[in-house]
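Next up, some structures in structure tokens.
Shared chain: chain A. Partners: chain B in the first complex, chain C in the second.
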Partner chain A sequence: MRTFLLKRLPSALLVLLLASFAVFLILRLIPGDPATSLAGPDASPETVAAIRSQLGLDQPLFSQYAGWLGRLLSGDIGPSYAIGGQVADLIGDGLGATTQLTLGALLLVVLIALPLAVVGATTRSRPVAAVVQAVTTGVLAVPPFVTGVLLVLVFAVSLGLLPAGGHESLLREPDLAVQYLAMPAVCLALPSAAVLARYLKDGIERALAEDYVRTATALGVSRRRIVWRHALPNALPSAITVLGLQVGQLIAGAVLVERIFAWPGLGQLIEQGVIRRDYPVVQDLLLLVVAVYVTVQLLTDLAYTWLDPRIRWE
Partner chain B sequence: MTALPRPPAPSRRNLLRAGLAGAGLMTLAACRSAVEHSRSAAADVDGAGSPRKGGVLSVAAAIDITPSLLFAQSANVLVQRLVFNTLTRYDDRLQPQPELATSWQVAPDGLSVTLKLREDVLFHSGRRFTADDVVFAVRNLQNPARSAQLRSTAATVTDFRKNGDFELTLVLAHPVSNLFDLFEFMIIPDAATIEEAVAGTRLIGTGPFTLTERKPGSSLSFARNERYWNPGRPYLDGVEIRVIPQAESLLSSLRTGQTHLSYNVRGKDAALLRDDPKFHVKQYDTGSGAYYIGVDVTAEHVSDKRVRQAIAWAIDRDRLVQQALGGYGSVSSVPWPKSSPAYTEVGATHYRHDPERARALLREAGAENITLPFAHATEPGPTAIAQILQYDLKQVGIETVLQPADSPTMQKQLISQTMPALWSLSHGFAQLHPATLAVSAYPFNEAKNSSHFSSPAYTDIVQRAWNRSDSDSPETKALYQQITDLLLDEEFVIDLAIAGLVEVTGSRARGVTLNKFGYLNLDDAYLTA
Partner chain C sequence: MTTVLHVTDLTVDFGSATAVDGVGFELAAGDTLGIVGESGSGKSTTALALLRMLPPGGRISAGSVRLAGQDLATLPEEALRALRGRRIAMVFQDPMSSLNPVLTIGRQLDEALRAHGTGLRKAQRHARAAELLDLVGIPDAAGRLRDHPHQFSGGQRQRIMIALALAHDAEVLVADEPTTALDPTVQQQILRLLTRINRETGTALVVISHDLGVITQTCRRLLVMRDGRVVERGATAEVLSNPQHPYTRELLAAVPRLDEPSRAAANSTPGEQPLLTVRGLGKTYGTRRRSVTALHGVDLDLHPGETLGLVGESGSGKSTLARALVGAHAPSAGSIRFRGQELGRRPRREVQLVFQDPYSSLNPRMTAGQIIAEPLIAHGLGDRERRAARVAELLGQVGLDPATAGRHPRAFSGGQRQRLGIARALAPEPSVLICDEPVSALDVSVQAQVIDLLARLQRELGLAILFIAHDLAVVRQVSHRIAVMHGGRIVETGPADRVVTAPEHPYTAELLAAVPRLEPALAGPADSARATALASNRSTA
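Take a look at the complex of A and B:
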């Protein structure tokens, strides 16, 4: 495993370096800058120039980029320009909320996708298969902001069962936190669950067509055992790869879902940062997202090899 | 007798399932409801009379505060008067009333004003408020980095003469007619923590509430200032401002009782709540800003003022107010809301929807069938307004190429004077003394504006209206009229509608007020049972 990791690490670091450059450059290409945002409405050009100089935005781009990387490597990423406070604190607070949301959604993805896939792959009833197909297609077709608004209208406004938005810490108030988490997590999980269910269903169907399944059936092994103990584990490796990719989708989707449910996570922070051109917040956050994504891909590859012993670390 | 067969014993698996289901149900039953929890903070009120003490008022805001703009008019208006106080506050007739200043005397020549200050005021840190804090507040606004829109008025203060700790004379470079606009605008901060304040980490003022927690982008929590100088106030135990960027979610939070008050409900949504007895919808006619079309007077075609006037005639302002503002606003050809001393009905209705007249002016100017670039902000509201304007202009033969840009980009273009021929935005600062608009709002600034408009006549009128100590005399009002006439003639800023600031309160919130700059004042606010 160590050799495997050592082989993958340089490419992962290269991805991070390229991402840092892309993030830095793209932000500078967007019109508007932190100085105009900070100067506020009706500011004079002199005020804007003074703020630009104070923030070092009048320095050459390479010097700004090197300064940023230097601060990252030293571990002191400094203050936010516009949102207020230290970037590390802002990211720390947002990370907790987003982790809570994405882990909740990830759990739901598995809980929804697994039964849908198994039922879809094993049922002999055409109506049931059609329902599974319709559910997975429908959920994929409806964008999260529509799902979110519908969920709020039904469960918060009409039925009054769940809060319309907000957040509680799972560690501090677990019973309340679960209720605040329910709708955002469902909203975030549904599209990914549909994707995973489709892949998993195909995988199980392929596994069920294998010779060993026919042999097991001839030996009198129950259908349930064949599906759960043999076909499903064989379908899992490719599904895990898809699940890993879906983590990236969940993080991206969190931006929208957090906005709908006023969830104070990294998505909201990125949005605020972009709107206010808060370069340190956006740069550090986007790089963090890339780092998480790269790590998840590494872990996915490790899980893949663990689930399928035919694949060697090397 | 045949024994009855014993029912099959439940399997271990079934027992486990039943146990888990039972535990789940018991957990759910014992669980507190998050819905009730989010409302309960406001339900903890005591006392039988009215107004009641206690409770936490929850305010829904669409955007978070911008700490660096603490001393400017911005999204910070929700916190400025909660944490801080001003020297005076206007009543409905624009007459200043005491706040931290108990009385004032303007010198007959208008070159100084002497303030007597309250002696019983403490900052949240426990330090006593004195004349030194007023000196610091004025100097703070004079600092260009603070981006205060009334900096030019603050800059007229050239010297400070203290007479003890609670009397202060401000010496002015010249008389100014909007001095009390400055006193309404200028919050009094704590000098020792000013940098923490603009970094958003600590707010220390003399106001009715202390900031207890800020979660950037999410919420701000405030607790009652137990040493507040206003006896018996505030009634509330605390205030929570929740940032809910999505318009639909913000509306849902009001409907479900999670929040009690908001100023960010869209006009069309407010219209839906108007007939609901659970809500009270109020419109402030002081205006939260005025929508306008800005014109670069150096651009091709629109350098001719007849073309600019044609644009003003071409717009159906009534439709704009109804469709884009949900009816919350008033059509107007001038920047002044009805509460302004410069407002006249004749001025407000000067340009009506008259496409024929617009076409005639365009013919006269030789500008038929022209195409102009038109910048607007990408948010849904400004986009809807731009589309309405595009349609109206097309009817008179002016094609527009819409150039959507996000707010920071628009702001940068505005400040750097790089706007295209036309753009639509909103401006503030017309709700007070008219000189404030012409020296503080960038679109109208006589010295430098985004339209590249300059005129000795405009500069002369504005300076004469500003450089005088009386703001209500017939001479001053005549100057206001001259400003209005010049704006209507030159049309470098084509005013369209005064947006009404819409306040939506749940049925339990009472006593909420705003000052003329929209600062939220909750001194007298309370929650009913």
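Take a look at the complex of A and C:
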């Protein structure tokens, strides 16, 4: 575990540094800057220049970049330009809601994919196999904004079972919070669940064709135990890798899904930040996303080595 | 003696093809029966059919497998599961892939034990698992339950496979090619273990093998199978000394005998000046901190028209040496000279390699012609027309029809594929052929043909051949000299007959002792075995 971290941490930090550089540059390549956006369309060039120098945007790019990194490392990220308030507070406000949404979706991904994969890989009935295949293909083909609208139409408008949008804290009103969470989480989870189900199904099928499954069969081990205890553990490592990659999809998808269901998360904040060219907000948020993603990859690799003993010793 | 397994008229179909055709035998408690045959004879299908574990598409279309008063051929799946591993157990061929890589050995033994709810508690199962490992001769059995398969050697994994099969003291143990992937000394240990278990526990043993030596050593009776049918049966000693069926005679004649002198001298006379001179060759893998030395100061001379046999166990460095000689990787130390010239890193037209596995070493998407022409293109030899002519010539030279150049490898049999591999190696007109286990994947009859081909090519083209193999009998037959490798070093080199008859190095003697002979070792129980054999002769086809 420690050797693993020692080996992987430097490259993870390097990824973060490169990402910070890319995030910083890309934002500045977008036409317009916070000063023009703050000053409004009718402002005189002098006003814009004054705001610009006040924000430090007239300084060379490198010193702006260094200043940003310095603030990040010191822990005091500073105020936003356009949205108002401290960046840390803005992110703090949305972080809880977005975490709820992505973790909820992640859980659903596993809960949907696992049974689908096991059934798809082990069923002897052709119709069942065909249904699994159709479901995973169909869900993959429909983008979240379509499923979102369909879900709202069915469950909120027609049946009136679930609220069409909004958010409640899990800590304050758990059962209400789950009702709010249900549709956005399902909407976000479905495409990733389809991807994971396909990989896992392939993995289980491959494992079931292996010689060690024949050994277990010859020993009289029951079919159910062979699937869950012998084949599944062999299919898990590569499925975990796919799941780790899907976390990126979930974060990206959250921006869209939050918009559909009026979910007060970071997606709304990032959208606001980009439109109003609020450099600090967007920079810090994107870097946070990269950091989360890098952490997830580290955890994935750690889980992989834990699940496959052959890697552990090499 | 009581009959534990009674197979009558067993017939297995794959679609419209019949893989096993009316096989029948009886097995008494504590009995041993060998089933010998070449690939496609139906012996492995017969083994799988005994537990009704046929691959998809296969089904038992007639006959019965009676065990413990029940017919396994017609039993419902759940009732069959209750018998598998408990009354009849199976040991499979490849111990590398037959154990689950992500589960500990303890877990796998536990799975075998709990598969038939014997009411053992967890701690009891743990103790029983350790006992089973100990029984098959794994040192520190209790401590090793937590280890995974990859932490064991090939021989140990096969022992573990046997331990799994012994979990419930089954009356019948079916071993399908139990030693094929193993080195001779390890093979010897596994065969002794099977014999010991048969004697001590009274488990009846069915051994399936292509190797008559293996059967001779473990089984009192044997069946010879061909094309799904039993062509001959009887006491092992009887069949070996007095084979009745022409096919059995053919099979026996094709088996290379360790006690037969080398035929190499009669085939060609080696030249005086060495063609290939290897001095102090070393190869180290890995980083400086964790390195493995595969070759230690290897010295070797190979003369034109000479076959040098190279024997040794897996991990001894044989294949590393072969790869270094053809320039597939650079040695860490020493020199390789060809006609006195240091060989550089460029492709070596003069030294070509023939691979072991004729299935995986030919690209399935290329035609035979493209495969053979590949080295010609790589060395920039000839134009399109001249290459086509050369391909036709080579195909003829290795005994294949030049008209087959347009076919893909799957259209060829194993032996024909190995001929393709040889034709490919011959294409750039090399003077040295490195053959890395060229016949070990082939049936004995096909093996004999490929050996004859190599001998003829040597005679006609004056080739120097480095013949790497683990089968000492084959090596003696084809080699002028034999070099023995052990732990990355050549421990002994000498004339083929002398090395086999009067080995100088103890390791050579150990290798020789491990070769299964065709003289029946089981003298004692032969009489009773013969009686059983006669009794079951009723069902002979």
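One rule holds for everything that comes next: the second predicted complex is superposed on the first by the 311 of 314 C-alpha atoms of A that agree within 3 Å, B and C clash if a C-alpha of one lies under 4 Å from a C-alpha of the other, contacts with A are read in each partner's own complex, and residues count from 1 in each chain.
As a convention for this text, a residue touches a chain if its C-beta (ideal position, glycine included) is under 8 Å from a C-beta of that chain, and two chains touch if they have at least 3 such contacts.
Please read these numbers as outputs of a predicted model, since none were measured by experiment.
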Partner chain(s) touched by A:98 [first = chain B, second = chain C, both, neither]: neither
Chain B versus chain C as contact partner of A:259, first or second or both or neither: first
Larger contact residue set on chain A - chain B or chain C: B
Contacts of A:44 with chain B and chain C, given as first, second, both or neither: first
Touching partner for A:219 - first (chain B), second (chain C), both, neither: second
Chain B versus chain C as contact partner of A:297, first or second or both or neither: neither
Overlapping contact positions on chain A, where the chain C interface meets the chain B interface: none
Chain A partner contacts - residues on chain C that touch it in the complex: 51, 53, 81-86, 89-90, 92, 94, 97-104, 111-112, 115-116, 148, 150-151, 161, 164-165, 167
Chain A - residues contacting chain B, complex: 30-33, 36-48, 50-51, 54, 79-85, 90, 93-94, 149, 152-153, 156-157, 160-168, 175-176, 179-180, 259-262, 264, 268-269, 271-272, 275-277
Of all residues in chain A, those that touch chain C in their complex: 210-212, 214-222, 225, 229-230, 233-234, 237, 307-310, 313
List of chain B residues in touch with chain A within their complex: 27, 30-35, 37-38, 64-69, 72-74, 144-145, 147, 149, 199-201, 214-219, 242-246, 248-249, 252-253, 255-256, 258, 405-409, 411-412, 415-417, 428-429, 440-442, 448
